[in-house]
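First the structure, in the form of structure tokens, and then the observations on it.
By letter and in written order, the chains are A, B, C, D, E and F; residue numbering begins at 1 in each of them.
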Amino acid sequence: MTAFRKKFPLIVVIMALLAINSDKACAGDPDMLQDLCVADLTSTTKLNGFPCKNVFFAADFGSLVLSRPGATNNTFGSLVTAANVLGIPGLNTLGVSMARIDYAPGGINAPHIHPRATEMIYVLQGQLDVGFITTANVLIAKRIVQGEVFVFPRGLVHFQKNNGAVPAAVIAGFNSQLPGTQSIATTLFGSSPPVPSDVLAQAFQIGTMQVEQIKAKFAPRK
Amino acid sequence: MTAFRKKFPLIVVIMALLAINSDKACAGDPDMLQDLCVADLTSTTKLNGFPCKNVFFAADFGSLVLSRPGATNNTFGSLVTAANVLGIPGLNTLGVSMARIDYAPGGINAPHIHPRATEMIYVLQGQLDVGFITTANVLIAKRIVQGEVFVFPRGLVHFQKNNGAVPAAVIAGFNSQLPGTQSIATTLFGSSPPVPSDVLAQAFQIGTMQVEQIKAKFAPRK
Amino acid sequence: MTAFRKKFPLIVVIMALLAINSDKACAGDPDMLQDLCVADLTSTTKLNGFPCKNVFFAADFGSLVLSRPGATNNTFGSLVTAANVLGIPGLNTLGVSMARIDYAPGGINAPHIHPRATEMIYVLQGQLDVGFITTANVLIAKRIVQGEVFVFPRGLVHFQKNNGAVPAAVIAGFNSQLPGTQSIATTLFGSSPPVPSDVLAQAFQIGTMQVEQIKAKFAPRK
Amino acid sequence: MTAFRKKFPLIVVIMALLAINSDKACAGDPDMLQDLCVADLTSTTKLNGFPCKNVFFAADFGSLVLSRPGATNNTFGSLVTAANVLGIPGLNTLGVSMARIDYAPGGINAPHIHPRATEMIYVLQGQLDVGFITTANVLIAKRIVQGEVFVFPRGLVHFQKNNGAVPAAVIAGFNSQLPGTQSIATTLFGSSPPVPSDVLAQAFQIGTMQVEQIKAKFAPRK
Amino acid sequence: MTAFRKKFPLIVVIMALLAINSDKACAGDPDMLQDLCVADLTSTTKLNGFPCKNVFFAADFGSLVLSRPGATNNTFGSLVTAANVLGIPGLNTLGVSMARIDYAPGGINAPHIHPRATEMIYVLQGQLDVGFITTANVLIAKRIVQGEVFVFPRGLVHFQKNNGAVPAAVIAGFNSQLPGTQSIATTLFGSSPPVPSDVLAQAFQIGTMQVEQIKAKFAPRK
Amino acid sequence: MTAFRKKFPLIVVIMALLAINSDKACAGDPDMLQDLCVADLTSTTKLNGFPCKNVFFAADFGSLVLSRPGATNNTFGSLVTAANVLGIPGLNTLGVSMARIDYAPGGINAPHIHPRATEMIYVLQGQLDVGFITTANVLIAKRIVQGEVFVFPRGLVHFQKNNGAVPAAVIAGFNSQLPGTQSIATTLFGSSPPVPSDVLAQAFQIGTMQVEQIKAKFAPRK
């Protein structure tokens, strides 16, 4: 027990900065009180969303960040590229954002949730096996192909896997300017500070050594 | 004056049916009170949104309706294909929908508004000159190209035109299950019953004859 | 095409100021998080709505701006006088505002939309022919008389015309502290920078020359 | 203690009907999911708001109920006439309503709250001494005159008194289709079943006999 | 009439400070736009809710303020201890708060309303006679015992009384970070500046002298 | 690939029933449109939330379900007992619910999320090591003791563990009438139909055999 207290000694968390660097997102935001409020991302005033800039460009409402496939040569064989308020300041207060997800053959967008948005995807190319799980632990799953759309409700665990022989890609729409993403395995086994191993062992009904092995693979990069 | 009363004699409007057939959409909806509420589109109980079906398929959450380009050989040289709750019952209560818009060279998605949603588009192919106008009558406009995203705030007039030499297409995401669309010219000059011509003449500062000429082009099809 | 890019060369838009001068409004705002938040309209911090003043007067919650008829000797024969958060700082976060509209005989409040509010009017004097149009392009219209109330749903095009022989006036209530108004003809033909004429010609199915003639009448005042 | 249980023996409350007869109102409602949902006030299906009618008239969106002064020859010298969803079915899902309040000289609209709406009033005639009280027990009060507007925040106790020599009247706008009204004295001393007298004596720091005397004046009419 | 104006001569209200000292609360708040926004309670920027701190502790999300019974040796024989955003800055934007209420035998939590929250209570110990009153003036009342839960809808007058022989205590949950409380008798008879006595006499149908007697008991402490 | 399609052959999901049996909860619901709407849990009309009963008892607003400790002699050494709209019909439309969680010494409430609610807990007895993880993968953790409160933001993974020598218990408040719960390990390894093992192996960076071993422990009970 003392150990627990030591591991979390009323730690000072410098999280606003970390949150700003979070690069994934999803929705259901408060209503606008004016036409526009282009985010002043550099303001020292932090609030629910962002303060508005006084001067802005038409370019603040658009972005080319989704125009090229993301690099999928990583552990999961997939990459999420976000187009949310952190990169497109004009989205502030407007309640929407997008993302592009690329998948190598065999690549996976591992099970994750968006705490603030429902997600709807359109398959740009390839095919995907997708699914979400309800709070009654029912899996709703389907193979979707190029041109097909599919929806993942806010706050429910979901995933996509490219079981095809060629790369796949989707465009995702969210009903939040910053949906947020919790990738389940990374969140549980790669957080900083770490979730205590006994908690994870008990939760997944595995041994502590197994927990440590998984943690080793999700260690936060320095 | 008597004429006015005659034209709208406390008319009985059978609008629920018409509204159901409206095939375009945009958003910012109330929160969910359960995981899912797959729309029972055939229910005789009408309410804000739709009642839920008791039995549903995984297919209720997806659609292939956007997988093929829409036919653009019409007056405007463009076609909007909706993927909203009217075609994808699983979207009910989830607060999102999508659409695909195809544009022939020179085609236009004429100035319109979505009363219930902000719209964010991703250019599938081609290039577009797009813009929206604020309530201060300021036009925010930009040329966008393949892979670019751009946003149109809820309730503001906006348009897209394909000034390129090849067809263009976009995927649009909305933060409503049924955004609704009012295409300005069609709404004003092609409604049923018609908006009185003197109102339109006065509004656009043109002659009544000019109004009638425009109306002739927007007459609702029987 | 080059022309298009030239007309909108990533223009710097000083819009916060313009928006502040917007003098019409209506809505559906986020909930309050405290009793009151009287708007500090001069704060350099811009956000969704307004920051709160530290010191305020009871007078911040009221106004005499609607107490006298507006001057209707203008092109449209009508005048909208707003009583929103820009003039009544106490309205900030409270989700309501009002307006008074005066109409000369023959005067019109031309077709317009409020992106952020439903509007309900009470006829102070005279009579009006009013209507709104649904997204299914159905006109709902009615003659209303002194003492009558009528409602225009958020985001739908609507208008009022005084076809009577004497002046008319209404008090309007909105469910937003700043509803915003887009007067259709002014927005499309009088914006700054202007909407390209070919877009308008195509949208209304008229010639470019006609577009220019209408634009001349809606040129923004310097 | 047994007495308490006896007074409220798990009483069956037939309240839906009573609520329907409530004739006062105020707001901040959920967003619309379609253009319109004209209330079917006679439906046997009860839900949050009302189900929609299949067929409706333009008249469903208006009413003449506020066109004539209400009778003020009663105990309080005032009368509230509501124009909410219970009388104007077209208001359903639209988030607004109105009311007219008439005051005889010396008449009072006694302290009350609207649980679901902020209220903004416009003085049609006469003058009123008005006020609301914050949760910090600060009274914000002002004399307002013909043509003046004033706002009362959602959920805060407020009142109006006509200290003038002539009748007064206001038009009130609310941001709810059915704001609800709790007139403090009537609610506490005239409810059915009654609030226990010892509770009221303790709350107001008066004797039980005084409580009974006040209760006698607020007895619910049979 | 002149008297009235004198009593409220466009008084300067320093209310932000008073509101901050308000120590009770409950609600229904806008959605979050990021994971967290720990309130910077000392910021000079005031807004709807609070700006966020840059650096925070895990301790910002918890509190021991409810761990000990409140002192009930006061006029009402009860004490409300709040655990809202004013004491737990981590609650900012999260839409919840709690409170503990202790009651001596015979103690009462006098009739009051929370303008921004529904309240749900859990009885820690003892038993209570509780009730709320609808806008149709129907009392819903019940005796509840240790371990029982009960709900009081947002904006409706409610009360609890300990008719038992031993102390009672509840834990209350609210759906607002700062629900606000208006204790009816204190608000009406103890506000600063005071509600005019003729208003209260007329409202409660009692004599002005009786009003003054009640006011004497609720005089704001200096 | 064919295998995938076979495992989910457009399965008919009878989920409304399953969802109804979900016995855990959390929040942030749409606003009320009337005082009360006591859930008719047996209605054949399914919608967002529940239709209202015509006749109800005061008992519909309370429950004794949390009055006794839950049995903790199970795998996790803990039990969640819900007090949400499924058991307390009066909660419908009111936006709150509660739960009681009991923990044996060493017991854990395994990492889970509530898609529709923030949760705030009050420690009835014992002590707990609690934590939540942000979307930036930062763990916010703390030991909390009897009488302490702590908050878990909507949609973020969180957990509690009783590292003490005696049983612990908390009362939880949520800002939703039905928060929903996804217990991460059960959802991923115990869903029906099952999440494909290759997806889980890839997500957690473990072997398929390990996946099968974990799945065996979370097999849904028949």
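Following the convention adopted for this analysis, a residue touches a chain if its C-beta (ideal position, glycine included) is under 8 Å from a C-beta of that chain, and two chains touch if they have at least 3 such contacts.
Each chain and its UniProt protein: A, B, C, D, E, F = Germin-like protein.
The structure presented is a predicted model; accordingly, all values stated were derived computationally and were not measured.
Undergrad: Expressed in steps between touching chains, what is the minimal separation of subunit C (Germin-like protein) and subunit F (Germin-like protein)?
TA: 2
Undergrad: Report, in degrees rounded to the nearest 5, the angle of the rotation taking subunit B (Germin-like protein) onto subunit C (Germin-like protein) when the C-alpha atoms are fitted.
TA: The best-fit rotation has an angle of 180 degrees.
Undergrad: Indicate the whole-number Å distance between the mean C-alpha point of subunit D (Germin-like protein) and the mean C-alpha point of subunit F (Germin-like protein).
TA: Once rounded, the distance between the two centres reads 39 Å.
Undergrad: Taking each chain's centre as its mean C-alpha position, how far apart are subunit A (Germin-like protein) and subunit D (Germin-like protein) in Å?
TA: Here subunit A (Germin-like protein) and subunit D (Germin-like protein) have centroids separated by 46 Å.
Undergrad: Subunit D (Germin-like protein): which residues touch two or more other chains?
TA: As it turns out, subunit D (Germin-like protein) has residues touching two or more other chains at 8, 10, 13, 15, 19, 28-32, 35-36, 45, 47, 49, 58-59, 115-116, 134-136, 140-142, 153-154, 156, 180.
Undergrad: Which of the chains touch, listed as pairs?
TA: Pairs of chains that touch one another: A-B, A-C, A-E, A-F, B-C, B-D, B-F, C-D, C-E, D-E, D-F, E-F.
Undergrad: Within their complex, state which residues of subunit B (Germin-like protein) touch subunit A (Germin-like protein).
TA: 27-29, 31-32, 35-36, 58-59, 61-68, 83, 88, 90-91, 94-98, 100, 118-120, 122, 124, 134-136, 140-142, 144-151, 153-154, 156, 171-175
Undergrad: Using the touch definition from the top, list the residues of subunit F (Germin-like protein) that touch subunit D (Germin-like protein) in their complex.
TA: So the residues of subunit F (Germin-like protein) touching subunit D (Germin-like protein) come out as 30-37, 40, 45, 47, 49-59, 93.
Undergrad: Touching residues of subunit D (Germin-like protein) toward subunit F (Germin-like protein) in the complex: what are they?
TA: So the residues of subunit D (Germin-like protein) in touch with subunit F (Germin-like protein) come to 8, 10-17, 19, 28-30, 45-49, 115-116, 176-178, 180.
Undergrad: In their complex, what parts of subunit A (Germin-like protein) are in touch with subunit F (Germin-like protein)?
TA: 1, 4-5, 7-8, 10, 13, 15, 18-19, 21-22, 24, 75-76, 108, 110-111, 113-116, 129, 131, 133-143, 153-157, 159, 161, 163-164, 180-182, 184-196, 198-200, 202-206, 210, 213-214, 217-218, 220
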